[in-house]
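One structure, pasted below without further comment.
In this document, chain identifiers A, B, C, D and E correspond to the written order of the chains, with residue numbering beginning at 1 in each.
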Amino acid sequence: MDAVLEYAPLLWRGTVTTVELTLASAALALVISFVVGLARLSPYRAVRWLAIVYLEFFRGTSALVQLFFMYFVLPLWGIFLPPILAGIIACGCNLGSYGSEVVRGALQSVAKQQHEAAIALNYTTYQRYRYVLIPQAIPMMLPSFGNLLIELLKLTAVTSLITINDLTYMSQIIRAQTALTLEPFLAILVIYFLISTVLIGGMKWIERRTSKGRNTIVRQGA
Amino acid sequence: GAGTLDEIRERGYAIVAVANEPPYSDIKPDGFVTGAAPDVARAVMKKLGVPELRSQLVPYGSMIPALQARRVDMATSGLYIKPKRCESIIYSEPDLCGAEAFAVAAGNPHNLKTYEDIAANPELFMTTCAGCAEEAYALERGVKPEQIKVFTDPPSGIKMLQQGRVQVFALSGLGTQDLLKKTNDPNLELVMPVKGVPMGCAGAAFNSADDDFRDMYDKALKELKESGEFASIVAPYGFSAEATLAVKRDDFCPGN
Amino acid sequence: MFAGTRAQAVNADLRGQMQNIIEFQDVSKSFGSLQVLDDLNMHVVPGEKLALIGPSGSGKTTILRILMTLEDISAGEILLDGEPLWHEMRGGKRVRASEHHLRKMRDGVGMVFQQFNLFPHLTATENIEQPQVLTHRKSKAAAREKAAEMLSVVGLVDKRDHYPHQLSGGQQQRVAIARALAMDPKIMLFDEVTSALDPELVEEVLNVLRKLAEETDTTMLTVTHEMNFARDFADRVLFFEKGKIVEAGSPEDIFTNPKEERTRSFLRKFLTGIN
Amino acid sequence: MEWSWSVAYDVMPRLAAGLIVTVQATLVGALVAYVLGLALAILKMSPYRLVAWSSYWSSEFVRRTPLLVQLYFLFYVLPDLGIFLEPFAAGVIGLGLHFSTYTSEVFRAGIENVPKGQWEAARSLNYSTIQTWRHVVLPQAIPPMIPPLANYLITMFKETPLLAAITVVELFNAANIYSNSHYKYLEPMTLVGTFFLLVSIPAAALAIRLENAFRRKA
Amino acid sequence: MFAGTRAQAVNADLRGQMQNIIEFQDVSKSFGSLQVLDDLNMHVVPGEKLALIGPSGSGKTTILRILMTLEDISAGEILLDGEPLWHEMRGGKRVRASEHHLRKMRDGVGMVFQQFNLFPHLTATENIEQPQVLTHRKSKAAAREKAAEMLSVVGLVDKRDHYPHQLSGGQQQRVAIARALAMDPKIMLFDEVTSALDPELVEEVLNVLRKLAEETDTTMLTVTHEMNFARDFADRVLFFEKGKIVEAGSPEDIFTNPKEERTRSFLRKFLTGIN
């Protein structure tokens, strides 16, 4: 264990990379979730289809394959992504496809009457989503987003295979330098567990914050 | 093209692909990369007016695509000069040479001295890294693809050997030696050199379009070798400077 | 002003002389194979208070939803202030209304739903304020002032910062009424606004509506099953069945002396239930 | 970069062999995930607080840490503790163990959705505990679980490339080995992606139909 | 046989001379800090039909659930046929009943629930047949025969192959009664077996119970809010409040001439509601 402790600075840098990768991909995934989730509800068939193609592509293939494709194949076409960016894009796009289903599901579960009330008040489609539907849907999305965030954290471990110096990769370096196996793996398992537990705590905190003062379960009539 | 070195000079640092394999490369706990190959490269680049190397860890199997995709300016750290590779990339003059080695169970129960010995016994399994020279040596000498289990990193390979999943671990001599020393397992034994394969010589590798850069590098490397500084860099890592000085790139890849 | 409007409205003779604010011309509406409105003709003058009554499924809600553009029509024409609601002229051709046209037409219409449909994530004040800001581009301050005014009309000043779930059903419905009124619609639609309420809460909402009917000159259409209320509220009562008007007339005529047998049998049930 | 059919043709047999391993790993892994998941679900619902608590947290530990690292752990660490697993076995155990933490939630939800009255009815008819599970609870709990369990099967299928890290030559690894020695990436990786889509899209469509079928029944 | 049983039961003088089939001795039961049964003493002779009445929360359901071993007791002792239900002697010591002991004791008790709790994945016949096979180790053929017999008792022969969701609530409840009866319990417990039913279905179930009360000598305890039914059905009525028996007596006594003021006030509400 001492040898591993000696390499604590590497582990620390890996932890930072992993967290950065997770958060950056999460931001990307969030944007994609909303864009694709809303596109699924578009009145235009073509837009809906594009969204479905996106969804099925990223949900239907392995994240690792996507990662390798972005890292090794895209450059052959002149699309050059630095590894960390390829990692962020692959993780973000992959999780974004799952997130878009969460967004769509939550939006669809907002009562139809809320749509109608907004139309009756002459809101534009944009206003309807921006001010009425999305604010009501967000509290419903949060628990699923929390789970997806953990999936994302775990997914970032895969980026070690395209040489991103994340936690998992650092553990491989430590193994090469020290020829230890149990200790580095145990150490990063614990670190991953701690990170995800902190992330879950953070999401729970946000859930509590957003549900404060308002009750999203609409009590309508008797 | 020709401008690569100028770009690097302007930038102030070069991005170098480094493998995770002591003693070719050696990563300090603070993340600083040394080891024989990066140290040579660092000295050469200093001569070329580039004060800093930034290293990126890349497995052997991924170094060539990384060069082709220009993810790195050059690759160092023990990428052997091989004709097949020379089709895709270009090399500097050799910078590190060493014999090949096997790691086997103590007492070498299957009496493995050459790749042919492995090929002769299809029951046996060997492990080496993906896309490594050793894999090519093995296949060229009749080892069946099913006999080769590719490891993700050398310590995993040693683990497989210790656990009996494979009977032989093949890698560069010094790499294997270093690993066995760290593992410190009395049940393992080093076979070095492996007969019937040439001494492996590595060079710094470049994108095929960067021949100007490569030529400048060669010139600086030559100066380094002649000044004796080269020997003083590689010797502490266990490499023999004479062995390296005795060979030329054209011995492996004529016209590369 | 108010007295004049009422008088005009009840006086059927005058009706031809002024512009109808709502005009249904041979309107039909089907859901799949189910015909809900059947060649309906109907006229409403500005300021008129109309009560729509009739058995369940007769198409009353559908009429309001069509006026609110929540459903389109299958055939016929509807004019609001003389302008077609569901069609427009483009390049000399009569085409189905675009969203742009509908938005323009919707501006003069407000609706209160059976299920209130307040926005649960906004307080009472915000519920009234937001639509003014978003659709009428009012300043936040002006919208807030109007919201306060409307809350006092419906008697809920003290609940202004409550969220819907913190309000009783009757209070929620009054906020919904205030929200619709704050948009200054020329036409207000009320669809069984009390039927989702517990019996003791019904009166507080109906009283607000009675007061509105007295005090404003907005045209109002209300679907209701509360006959006593319809009598107080309406200038004219329309009795529907199977998507057609069976009988229309002043509350006095309809409730005390209906001409049609069908009306009489329908009202018998209700009137005995109420008194 | 030009697509080369000869490369595609060359790599195809290896990919086909890899696909077989992928499918085998998925099916065996899923079996492990289902069996282990059910056991875990029952443990998590145990009336003994310590059992429930420790099974919950160990399952959370597995769920919150990456499968890749767990695979390394199973493959490289366990032998030191005297547990020696073949790559394929380590792979399917890793997959199964990891996904059992998900399937256990499906099982738990399915079991908790069986009304309390059903347990009480069984008790009032003097069923033994085993009879209650076997004849009353599971027959009602299992059908609604099938669609989510089928979905996890698809997810596991997509996770199999991780087994490459522990030397299982499944579809992805087959392509990767080829790429590393031939320096061709476009064709093998594109083909692997295509293979995945070819299997997972119809499977997903099937799962949706399954889901609808069960929803209609309910 | 039947006449004798009834006569014994109503004749309070005889009670001391025969073995009680159920005996509550100072039974208390708490849920957390809430005391639901309070030092309860109660005796039931074999064949007796008992109606348990009382306000909501008085502990009636709890008594049945304890007898069915769905809840345990906090203090006191319950004897079934003289044998402790919730305790047993092991190694000369009195210990809490083991699951083994409970299974043995449960064998003589059957219960019908308010929510029927039929097994939804089994047909009517299978619902009745399976428990006999599983707990009484009967042959499938014998169990099926008994099931047919029971279905005819409750008048549902023609529904034998229907699944619960294909049956009306009243029919489901009759199957549940048949299922419990098929196990030949010495004691049957009925907990508000009609309160989940629509009003028109209530009578069909109560009639089945009336018939059973007449025709079998099984001991029956029924919790009910249907006072007319309680009067027809019971040999003895127990009126509970707050986990205690306030008054006990023949239906005549309780319903026509209750001694306690509390009983009178409770029954006033019901009796006016029924007639």
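Some observations on this one:
Simple rule for what comes next: contacts are C-beta pairs under 8 Å (C-beta built on N, C-alpha and C of every residue); 3 or more make two chains touch, one makes a residue touch a chain.
None of the values given here were measured: they were computed from a predicted structure.
Shared contact partners of chain C and chain D, listed by label, are A. With respect to chain E, maximal separation of chain centres occurs for B (centres as means of Cα atoms).
Of all chains, B has its CA centroid at the greatest distance from the CA centroid of chain C. For chain pairs D-E and B-D, the one joined by more C-beta pairs in contact is D-E. Chain centres here are Cα means. That of chain B falls 39 Å from that of chain D. If each chain is reduced to the centroid of its CA atoms, chain B and chain C end up 83 Å from each other.
Chain C and chain E have Cα centroids separated by 56 Å. For this pair, chain A with chain C, the centres built from the Cα atoms lie 46 Å apart.
Counting partners per residue, chain D has 72, 76, 165, 176, 179, 185 as the residues that reach two or more other chains. For chain A, the set of residues that touch two or more other chains comprises 72, 76, 161, 181. Contact of a single residue of chain B with at least two other chains is seen at positions 62, 65, 68, 152, 156, 159. In summary, the structure contains touching chain pairs A-B, A-C, A-D, B-D, D-E. Chain contact summary for the complex, chain A toward chain C: residues 111, 113-114, 116-117, 119-125, 127, 131-132, 135-136, 213-222. Residue ranges on chain B touching chain A, taken from their complex, read 20-22, 26-27, 29-31, 56-59, 62, 65-66, 68-71, 152-156, 158-159, 179, 182-184. Every residue of chain D that touches chain B in the complex is listed here, in rising order: 72, 76, 79, 84, 87, 165, 167, 176-177, 179-181, 183, 185. Of all residues in chain A, only 6-10, 13, 72, 75-76, 80, 82-83, 161-163, 165, 169, 172-173, 175-181 touch chain B in the complex they form. Residue ranges on chain A touching chain D, taken from their complex, read 56-57, 59-66, 68-69, 72-73, 76-77, 150, 153-158, 160-161, 168, 171, 181-182, 185-186, 188-189, 192-193, 196-197, 200.
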